[in-house]
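Contents: one structure, followed by commentary.
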């Protein structure tokens, strides 16, 4: 009993801290972004934005209301936005008049499919490379592969995409374009996912992290001890060499991947949040853009938080370390 | 390892769920656009993509088909008074609106009258308000009869009644129409297709209207798929992800023509590209400056290098395919020496940096254009233009803007010196809104603030004329005057091509509205 | 077999040898011709080559080739012009009200006369008389046209009656009289010196009847074999100028054109090509080729009188280049058809189309015969159509064009559109004008008939740059378009 | 950490190889970055007059070494070589601006943690996390939508968003240094604070961090401009940047015209590689010194 309370308390505390800071960050971010809109040149942006919050489907807005809105100061305006958005009302898109939240949530899911698949593919294809490297069988080949995938990640992503399409259409006569809404299938994932995992540096990252961590873990004293004793070392290596770096990587990389999908979705006509962001920028659709930024941030924060959660769960010691 | 395999299994099953839920509906027409429709109703947007959509969802009282014939549409018959001013329409009785709040209301005279009222409201923002300007009054005789009285007799009076009718029961709480109206995004019409949904990327799904009065459409579903990348759109067509592209870029023409699976169809021949000069600019207000610019650019070379000569160079404000084109007016030739001489004669001095005016300021203009990622042909033209002007000593600063911002700057605020755009006309080739000083206002078509009393007079005369030959003569004269005045540098007219798969049959493409008799189209 | 090949090689060698001694003007014209600017090529060559006899044989051949092709195109334009002018003038002449045109009836009558329809022409002429135009020249011409109508109706008596009552003193009137003589009986009796003396009065001045004068003069000179005189006038002729401008009010001007001008100009091409080829015939090496092209000339205008001569001559002309040799039999039977040997001609043409191994160009030639001779060949065309619609490549272009033209002639518009569009190459790096002008002409015509006026006008506009004489067609189509268009005036920017 | 002697993973042969590779890497960085700098100087001071706007309509999209164009031409018939050289302008000054912002403010903020309490550390950590929460490209798009597409705005954003990263690294370093004798000694000696910070901490102990961060910052500037160019918000034509060159060229890639896009793409790759290698080499030096 005593043991249990001792282990659980710090964990929950650490998690609470993490959660609290996440919430804080989201709020702070929203405030920052909102004030950017507020100071933006031209009165229409804010006006359009605040108008979009009001449920004006069937009523008219009169000019007095407009003036009220234009004269609201920053904290007031922010508070009105905040109260609306906490109630799940992120306003209505200027360009197409649909509620922002619905659109953004739907598309974020689409993007997440892409990102998670890319991470998975990166992971799966990095295993043989890591094995090659760790066992040190063919150092030159390893180095060559290492350099190649690294160089790939330095090429402009969209150019690589074009090249990929060019190769796949002219070389293999194969070109699965991104999905229709009601017609999504596996083959449509192939090119964008390959591109995202190879071109945007996910593979390189996973490979390098795993490589160095596994090497480090294998050289740790206790592993050497365990090896000498003939005990199984798999669990340790997995936990420290694979799981931790991966969790670390996911929380570090996910934001970057969201950025990269803006380009990938553009090219493959993928109906995801990235295309939405681009489109909203083109249209200066501030409510949509703001909604997308906030939702993206929440998703990324959630990913961080769950990575932390898993980390703490499989490694209770971590909470103590963090506490220190 | 177990965990990894577990997650892998999870995601694979997710994929398979997605795959299973996919129903490959073969009876769907998917067409690609590069410009997303702004709004979906027939009036608030002036973009061709919105126009095309409204053709799918709405009907007018009469329709003009691609062979220039007036067809009865929502009106089954009509009578005209002797003085061509009073029109009495007998409306169809078997027409219902698309479901609204799960109910299908019947179409009646109320709707027609309300539409006119809505569009004549001063606060309504629409580029098509002109069409209603000549309507003096509209009365309801009974539920299925309306009578229109026109202000003045006109040359094709019946043609204005092709305006799309809006539903009274949906819009009754709204005295006027603008982009912010909910209706602009959830259109309810009487047409062959019902709006189903529009997602954030403006992929728009329409489903067949079972109770369409002309009969149920053959194609069950139409999807508009916007593309942000022209190359990809072309690839999508050739790999059967699309059935139709509404405008093929010149670059892909040869590819598609050589491919036996597709049909290329020309349409919208009445359009042209131009550089427009803001008359509020002190220098551009001088005709000789504009003339000098027009002589400084080599249009033949640009057309050949950028568009494979797939167009014709024009001399005035009409497309060469129009009845109003004055064949005796020739385009300004490429003559940079003449440009320089013209500028010098105005008192500009040539320095090593370029021309300076009497106060010593450099002759420089701000060219504002939208960022068109897809349209690199336009970009080429703009950059070449800048270079041509640089060669004679005029500096042009190109200001690329986001499309919405550009629209606002050009059409609303008129803050620009030069801009580049393209007009597209229907068969009436009506340029009155472009150059009449009355339309020099926010969101008016005369965004260059052009004003010339002679032109104004001729335009008025052309509009009121009921004599065909007289109308032609007047427009030929307008062409001559405007070509001489160069408020725009008229560039060329390019033919637009639609490409569609041979799986589609019975396809008819209207030169201006695009979708014509779409309920008869078939897909095998 | 070896022998034939040897002869062919020798023939080609001779061709390439004489290429060294080319006239540089003909060379330039040939380049224009290859760039599908047939009319510019012809005009250039006519302008720069003063002395036909000084040309080498090969140059003569090239010159004649250009002229032949231009003749074929002008003949086609002529047909289109008659049709469009008729529609346009009809709409103008049926107008009522104070601002109606007084002249339209006269020009419409001319169109009817050219179409050999004297009854309708007479009706229009009486209409014209009713209008009481002040213009004396036009009134006089109306009188002559009335005589023309009588002649077509074979009322010789009435004809002479009108003729004698006419005041033929102004040269233009006597020329008009001679002109209708040529049109009806193919005889010309006017002293060319009268025309020469009058030239100063009309050519190079802003005389309102300059075009009419040029029209008659070219026709009469060419008919009398005075080619250098005809050439002088042709070169000074502005082919896109209207024959008459009627200014009804300040804002209503109507332009009138003469379709017969096209015919006159093409007659000059016919005559000068004939004289070229006749002199070429003397060169033994080119004898057979010359005969081939001479026969081509007469096929284009479907000349029955010379058919017998060419039927025989073509039978014996064996020394032709391979490309022409394969067409010889088809063409020979064209003359046969004119002589009345129709069933044999059909047989030969059908065989040419049926042979799968044949070059599509050969099938195209068979259809061309049907077109030139206005023959009814449904079977042949049916097979050719199947062949044409499946053929996509450039090789099938001619076949598609000709079958399309056939359907156009037979007013089967849907089929014609499909075939002609099939033939069109939209992707050429040098634009639309790199297509065969004949194809473009017919495509524009079919679009006009399908009421796709803007597309039609656009093609005419492009083509008009190379063929200024198309202006009369363009003008008429514009008029028809304005009449038929039903739009309400919307425009959009993008 | 107390380590027992481990068997060396590499043989001596490999060590020599490694050393040579390291030298090669340094050489590579010098050559690439040197040539970029040369290109910049040549064009900046008009040592050679290059026209990046002159169009040659007769040779559009030609491969290298035709019609007197060393690297061929682009879609307007402009010389790719000239544009490649002039394209360095799009990155060098704006990139330096971004880097100097992040380095300057990051270093200052980081070194302040030497005196400040836990709260400043927390702020730095939180702002680092804030930056990790929003993708850089997303922030850029937001800025572009609100203000306008301008390369200096873009660089400003890149600079500001990198501040927390730099500050974080410095503060970590300071944590390690905090207990070192020289700090205690200099505090005891009453060394002026600015000397302590700038000389002892930042210069002696953190310069590798700063240099590597600067290199990475430059790399990011190039990368972002390229991405934005594809989205249409990068440096706008006719001003050349490598990003908009690739973008313009890639329109013709699917038609099989590889040259006009791959040349600037490879240029971008080699420069990015050089920056990353530079950062890596510097960090390696740092680690080497630390392990002693």
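Note that the chains take the letters A, B, C and D in the order they are written out, and that residue 1 is the start of every chain.
Note that a residue touches a chain if its C-beta (ideal position, glycine included) is under 8 Å from a C-beta of that chain, and two chains touch if they have at least 3 such contacts.
Model, not experiment: these values are computed from the prediction.
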Quick one: which chains contact subunit A and subunit D both?
-> B
When B-C is set beside A-B, which has more C-beta pairs in contact?
-> B-C
Could you give the separation in Å between the centres of subunit A and subunit B, each centre being the mean of its C-alpha atoms?
-> 40
For the pair subunit C and subunit D, the C-alpha centroid-to-centroid distance in angstrom is 72
Chain centre separation in whole Å, for subunit D relative to subunit B (CA means) = 45
Note the residues in subunit D that touch 2 or more other chains, in rising order.
-> 144-145, 231-233, 253-254
Can you list the subunit B residues in contact with two or more other chains?
-> 231, 235, 255, 304, 371, 402, 405
Go ahead and list every pair of chains that touch.
-> A-B, A-D, B-C, B-D
Along subunit C, where are the residues that touch subunit B in the complex?
-> 91-92, 95, 97, 99, 101, 240, 248-249, 251-254, 392, 425-433, 450-458, 461-462, 464, 471, 474-475, 478-479, 481-494
Quick one: in the complex, what on subunit A touches subunit B?
-> 51, 56-58, 60, 93, 95-98, 103-104, 106-107, 113, 116-117, 120, 123-124, 162, 165, 169, 175-177, 180-186, 189, 234, 238, 243, 266-269, 271, 275-276, 278-279, 281-284, 288
Touch list for subunit D against partner subunit B, complex | 53-55, 57, 60, 75-77, 144-145, 148-149, 231-233, 236-238, 248, 251-255
Hey, which residues of subunit B end up touching subunit D in the complex?
-> 230-231, 234-235, 251, 255, 301-302, 304-305, 371-373, 376, 379-380, 383-384, 386-387, 390, 398, 400-402, 405
If you look only at subunit D, which of its residues touch subunit A in the complex?
-> 3-4, 6, 9-10, 14, 126, 129-130, 132-139, 141-147, 226-227, 230-233, 243, 246-247, 250, 253-254, 256, 261-262, 265, 268-269, 272-273, 276
